[in-house]
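Pasting a structure below so you can have a look.
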Amino acid sequence: MPEIYVHAVEGRTLDQKRALVRDITAAVVKNFNVGAESVMVQIVESPKENKAKGGVLFSDRPASGV
Amino acid sequence: MPEIYVHAVEGRTLDQKRALVRDITAAVVKNFNVGAESVMVQIVESPKENKAKGGVLFSDRPASGV
Amino acid sequence: MPEIYVHAVEGRTLDQKRALVRDITAAVVKNFNVGAESVMVQIVESPKENKAKGGVLFSDRPASGV
Amino acid sequence: MPEIYVHAVEGRTLDQKRALVRDITAAVVKNFNVGAESVMVQIVESPKENKAKGGVLFSDRPASGV
Amino acid sequence: MPEIYVHAVEGRTLDQKRALVRDITAAVVKNFNVGAESVMVQIVESPKENKAKGGVLFSDRPASGV
Amino acid sequence: MPEIYVHAVEGRTLDQKRALVRDITAAVVKNFNVGAESVMVQIVESPKENKAKGGVLFSDRPASGV
């Protein structure tokens, strides 16, 4: 506690994930006054064919910030 | 924003997903007064062995609306 | 099943919510081949001070599609 | 309704999942006064490289309760 | 970890919530081989006007298992 | 997109929330290569009587990192 869920389209590298959970955890520890060991971060990846913006699946869109 | 998450057992086709996100986005635009580009829809699929109704996994149940 | 969660900033009227859940349910029934009674829709409202875009809380932003 | 989501690192057996959804459903029926058929349980599994505690991915940690 | 989210219409007593989180935690400890202190349970309550079944808000339906 | 949900017990100040969403957004922009305007952060607050650790509600526990 707290628990943080990051929803993103799949495709990030292990290094990107490693750095993201480290930096998000630091942001929570700094601002919400909790110990790092109490912070859980989960990255919920989605295939491009399961996520849409503007009513159009990412698998049908040109590349953009996802 | 808004963000819509659809939890369903896996197995729909790409065409079904494409039509669903289009229609849900239209419903949000019509009723919540937002532009289509601000609407995010994510389909969260689950294997049948990870989802249950009545305490019984869908992989152990006869077929039904999932 | 399926279950649909709509995350939005608070402030919609009861009539807007009533129409939205009706239209989203119809979209799921039509495209995912399930009976209406198996469809659950939940609207998860957030205060403007609990939601951000671009790193800025909606309570600190000028009005925009939320 | 109610809907229960269990977030865990992947790796449990089918028997473990089968027993978990049975016992959680029984707990909800007993305490929240609903029929078993109205209870939905979904297990959301995460790869170890997508979940972190203390800012460190489970794929980078020694084994612990996940 | 694991984290469990229970989505329900509001209206349960403190005693009902207290018993539910105790029993769900016991079910997770027993079946998923984790220590009790690693289990988080959160009850996410929804007003009846924010949740629907069959396309109809619970605030517009006769009472039923929610 | 991405969308980030932070689940925490209620009680943080507006300044704490403002700083948290700023810092989390910066972490996502830096590590996942997206523009800040595509990042959504929502803080999902829970009353202490709706959240438990070790099978005990936070309203029944002595204060700890929540």
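Descriptive notes on the structure:
So that you can tell them apart, the chains are marked A, B, C, D, E and F in the order they are listed, and the count of residues begins at 1 in each.
Please note the rule applied: a residue touches a chain if its C-beta (ideal position, glycine included) is under 8 Å from a C-beta of that chain, and two chains touch if they have at least 3 such contacts.
Just so it is clear, the model here is predicted, and its values are computed rather than measured.
A comparison of the A-B and C-D interfaces places the larger number of contacting C-beta pairs at A-B.
Mean C-alpha position of chain C lies 20 Å from that of chain F. Spacing of chain D relative to chain E, judged by their CA centroids, is 13 angstrom. For chain E, residues that reach two or more other chains under the stated contact definition are 1, 3, 7, 24, 26, 40, 44, 51, 53.
Taken together, the touching pairs give a contact graph of some other shape, not a line, ring, star or complete one. All chain pairs that touch, listed by label, are A-B, A-D, A-E, A-F, B-C, B-D, B-F, C-D, C-E, C-F, D-E, E-F. Chain F makes touch with chain A in their complex at residues 1-9, 12, 16, 19-20, 23-24, 26-28, 30-35, 38, 51, 53, 64-66.
Contact residues of chain B toward chain D in the complex are 7, 44, 46, 49-57, 59-60. Within the complex formed with chain E, the residues of chain A that make contact are 1, 3, 40. Those residues of chain E that touch chain F in the complex are listed here as 14, 17-18, 21-22, 24-26, 36-37, 39-45.
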